[in-house]
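The following blocks contain the structures, represented as structure tokens.
You will see two complexes here that share subunit A, one where it goes with subunit B and one where it goes with subunit C.
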Partner chain A sequence: MILEAAQLSKWYGPVIGVNNLSFTIGPGVTGFLGPNGAGKSTLLKLMTGQLRPSKGTVRIDSRPVWNNPGINTHLGYCPEQDAFWRFLTGWEFVHGLTRMYGFAESEACERARSAIQTVDMEAHAARRIGGYSKGMRQRIKLAQAIAHDPDVLFLDEPLNGMDPVGRRETIRLIRGMGRSGKTVVVSSHILHEVEEMTDTILLINHGRQLAHGNIFEIRELIDTHPLKVTIRCDRVNVLTSKLMEFDDVLSVEFDREKGQLTVETNRPGEFHKRLPRIVLDHDIRIHSLWSPDENLEAVFDYLVR
Partner chain B sequence: MPIYDQAYKPWEGAFVTKPGTWWVIARTGVRTVWQKWLILLLIFSSFPFAVRAVQIYLNSRIGGDSQFESIAKQLEIHGGFFEGFLKGQGFMLVLVLVIAGAGLIARDRESRALSLYFSRPVEFRDYVGGKFLILAFYAGLITLVPALLLFVIQLFLTGDASFFREFYWIPFSILGAFAVSVAVLGGMMLAVSAAAGSRSAAVVFFAVLWFPEIIRNILSRIPAAGYFSVGANLRQILSVFFGTERPYDFSTAGAAGALAVYLGISLAVLRLRIRPTEVIR
Partner chain C sequence: MTFLIRFFIRIQLKSRRLAATALLGLFPVAVCLLLILIRSVLENHDVSIHRLYPQVSFFLYLHFLLPILAVFVGSGIVGDEAGEQTLSYLTSRPIPKWKWYLAKFLAQLMILGVVLLISLLLSYTLLHIPGGIRGWLEDLPNLATSLGVLALGLAAYLSLFSLFGAAFRKPVPSALLFTFGWENLVAYFPGNAKLLTLVHYLHSLFPTFFRARAQGILGMLPFEFRLAGEWTALIVLILITAGCLAGGAAILTLREYRLDRD
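And then the complex of A and B:
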């Protein structure tokens, strides 16, 4: 199924949630990537017909999503926030929600059982959701989204709170759905999570579309982004003078009180290869090293500029 | 099969769906509410029903006896008897609606489950209709069912068709009175549940019902003040259904109009509050 957004905007009074987005998504996995508050969840709610667009349209196979509950038969939605009746068991939760697609009792049971099995929750299905861990709640939420075998699946931060095994299994499941011809949209603010699921991403920040396409192309943009590295060490003067000798080092800020320097380089890879050699040759003791730029928000800031 | 060997397996069966998500919502809700012992206690300890049943029995025994003429007159079974029963169940009806209905929508809102309902082929009318049926089911158990049962008992104890010939319309009146009462009170309960939290919905519902009643009592010299009271309007309409004397001086059409306004406000509140996504500004 083809998902199509055309000049899609959503504003809440003076606040813009989503700003004039236009894109087309085909079968396979597509990642909606953006920092917290970028507008990913708003976009997913617009695409599942839960919010009315202020402007523009969302269509699935040329059919409008807003005010068209019939199309929900083909959609699966796993919200970011917990949406549970805590007094229900996992089984009651998935089975009850599956029944709402209009399946007969026996078929709903079969589908719910299959979905619970797929997310590996059979052992806990008889327990009340109120007693589940965060990772288990994520899995059971995922089960209710896939039980009816939707053609289009929307997953809002599906890996939040999952343990490493759960993450790996869920990533495998999502990739499998993509390979089987489903249109899967996954939102996340963690770049490497999305990278493990798909090559196709839509970058969003402040409700605006920054980039849409192959992740490697976008990654290249990120790699040429000047990187700031902050180093706390002894012999700060020596390290500063040595680093200044290289062309890729654009600036060095020196903070004597804190005993640290912040280096800006436009070739982060080379910088990181070179640094250990300098440190060893000049007997410099490094206490800490971090980059204030190595997060999505910094990358997005760069892309916006 | 080890977990790491599992992958997504598409459903291989046919995609056969039946319409009527309201039915699923109603059925699930009825089952959930059934687990509340208090509501079962209220339903199965119906003292007024027992009293009325005894009245029917006594009437059948001494009804034709001229020796007990004055008592027999008091025990007479007619439209007013059934109206009296339904009015007597009014407080119980409100209690049942509160116990069954306070959390019906409030809990869905609090647990953000509305987004799950509306990501399925569920429309507003399915959701509200399903929730309303839950209330109608429990309201029926303490009003409609016992009232119809009393009618059947009376038919059996009369022993001939004379009662039925004269009062064949009573089951329809019971049904009509039930439909109006539950539509208005049930609609209001759902609206309050949608507007307030699950803990405060009961208090708000009692306040919405009885605060106007207090005002009506204070302004008792002004008949039109009765329009503010849901209870007074319902009692006025009930008397029409059972062909008895009007309890209040205000117009019956006005009472019907006032109830329609209450129902309209309830629907407007439901429309406003039942949304898949809560927008926090």
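And then the complex of A and C:
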């Protein structure tokens, strides 16, 4: 399913929640990334029909979402807030909310059971939610969002409060859903979390869209921003001297003991094209090559600045 | 719809509010118990305690328990879901908002109806203990009348305060002001202002009880106090209930509820 936002704005009196966002999201996992207060949750609420746009539209497969409960059949939503009917058991919570999709009792039971199993909460399903840990509450909240097998899944900070095992399992689940052709939108302010789930991001800050697309493509767009590349190889001195001959190389730091050098270039594309030739011509053996700037943190820092 | 009603009944039955509701429901019963004790002290004065039933049902139930339960429960039909932020679970399901609003209203109506029924039966029985089983049976028409009027009043008040809950961010103060301010004040005004109260129509369905309780006040009024016809009162109360439910559902559908803001 295709999600479309067109000139989408939401303001609360004088306060802007999101400002003139336009994007299209297709199947796979997309991360909404931004610091706290950036407008991610507002955007998710607009996309799930919880809020009415002040301006612009949100459509899912060309159908508007505001005041259109029929479309919710295809959507799953895991809200950010730690809100529950706390005196219900985990089972009553997931089963009750699954029944609201119109499933017959037996099917709702089967789906609720399967969802609870998926988030590894079978052992605790008979207990009251009020007695759950934060991580357990996150998981049971996730179960209610996936029980009806939605085509589009919106997850607002789904890893909050989860233990490392829970995080790993949830990330695996989200990636699996993306791979199976579902449209999954995950919001987070923690960069490495998003990075583990997807390469496709929508970067927002102060309600504005900073970038949208593949993390590496976004990095390429920032071609005037210097890129650092760290290389571990066996002939550090030779490689250093060869690289210094090019005017796009701004600096080279090398550490002979580690057999490693870090190059800073302001034309990353040219640098990457040139490097294999140098390595082959001078018989240099490269053990590893990575860019500390090519992760989300660096891109985010640069774009927000 | 049946499932939604059952879902909300389950939530209410498990909530702490039910205990508070039951405790409130026991208050008139405790007052009746006190009256029985007082009667035992005043044995020689030949007090026919069962004659107090109209006053008890009128004052303690119609004017106290019914509105106070309706204020706190009715305003929470939407208010609780918004306040506890569970509204997002309901609004992200493929069910129209009016449907779960109505289901929750009916669930609350049933629960409060049972609380009122048990409480009124207990009070009635306590007040008729001195008269024995015969006295208990003889006065049953009065019990049936008061039960019917209270059921109608409950539906009307509950729908009105659920409308308050859908419309206002903090509905309880305005609901309390309406119930214990406007209603009590205007119901005894001359002219047509009393037509804008619910108690006027409930009084009209309770003519004997109303006159028994309000005789002193009515005698002091410098004008003739008129009640509405019973059928008129019945129809108006049903219309008010339906209108408030429709209004509440419309507000819920059109209004956006900001659970938080990031």
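By our rule, the second predicted complex is superposed on the first by the 217 of 305 C-alpha atoms of A that agree within 3 Å, B and C clash if a C-alpha of one lies under 4 Å from a C-alpha of the other, contacts with A are read in each partner's own complex, and residues count from 1 in each chain.
Just so we're on the same page, a contact is a pair of C-beta atoms (placed from the backbone, for glycine too) under 8 Å apart; a residue touches a chain by one contact, two chains touch by 3 or more.
On a predicted model such as this, the values are computed, not experimentally measured, just so you know.
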Quick one: subunit B and subunit C on subunit A, clash or fit?
clash
Kindly classify A:L173 by the partners it touches after superposition: subunit B alone (first), subunit C alone (second), both, or neither?
first
Applying the touch criterion given at the start, work out whether A:V185 contacts subunit B, subunit C, both or neither, answering first, second, both or neither.
neither
Just subunit B (first), just subunit C (second), both, or neither: which does A:L51 touch?
both
Going by the contact rule set out at the top, does A:P79 touch subunit B (first), subunit C (second), both, or neither?
both
Between subunit B (first) and subunit C (second), which does A:M197 come into contact with in this model arrangement: first, second, both, or neither?
neither
Touching A:G102 in the superposition: subunit B (first), subunit C (second), both, neither?
both
Considering only the touch criterion stated at the top, classify A:N36 as touching first (subunit B), second (subunit C), both, or neither.
second
Of the listed stretches 9-17, 63-71 or 99-107, mark the one in subunit B with C-alpha atoms clashing against subunit C.
99-107
Subunit A residues contacted in one complex by subunit B, in the other by subunit C:
12, 15, 45, 48-51, 69-70, 72-73, 75, 77, 79, 81, 83-85, 96-97, 99-102, 144
Hey, which residues of subunit C end up touching subunit A in the complex?
3-4, 7, 10-11, 14-16, 84-86, 88-97, 253-254, 256, 258-262
Which positions of subunit A touch subunit B when the two form their complex?
12-13, 15, 45, 48-51, 69-70, 72-73, 75-77, 79, 81-86, 96-97, 99-104, 107, 110-111, 114, 118, 120, 144, 146, 148-149, 165, 168-169, 172-174, 176-177, 180
Mind listing the subunit A positions that touch subunit C in their complex?
12, 15, 17, 36-42, 45, 48-52, 67, 69-73, 75, 77, 79-81, 83-85, 87-88, 92, 96-97, 99-102, 144
Footprint of subunit A on subunit B - complex, ascending:
3-4, 6-11, 13, 15-21, 24-25, 28, 107-108, 111-113, 115-123, 276-277, 279, 281
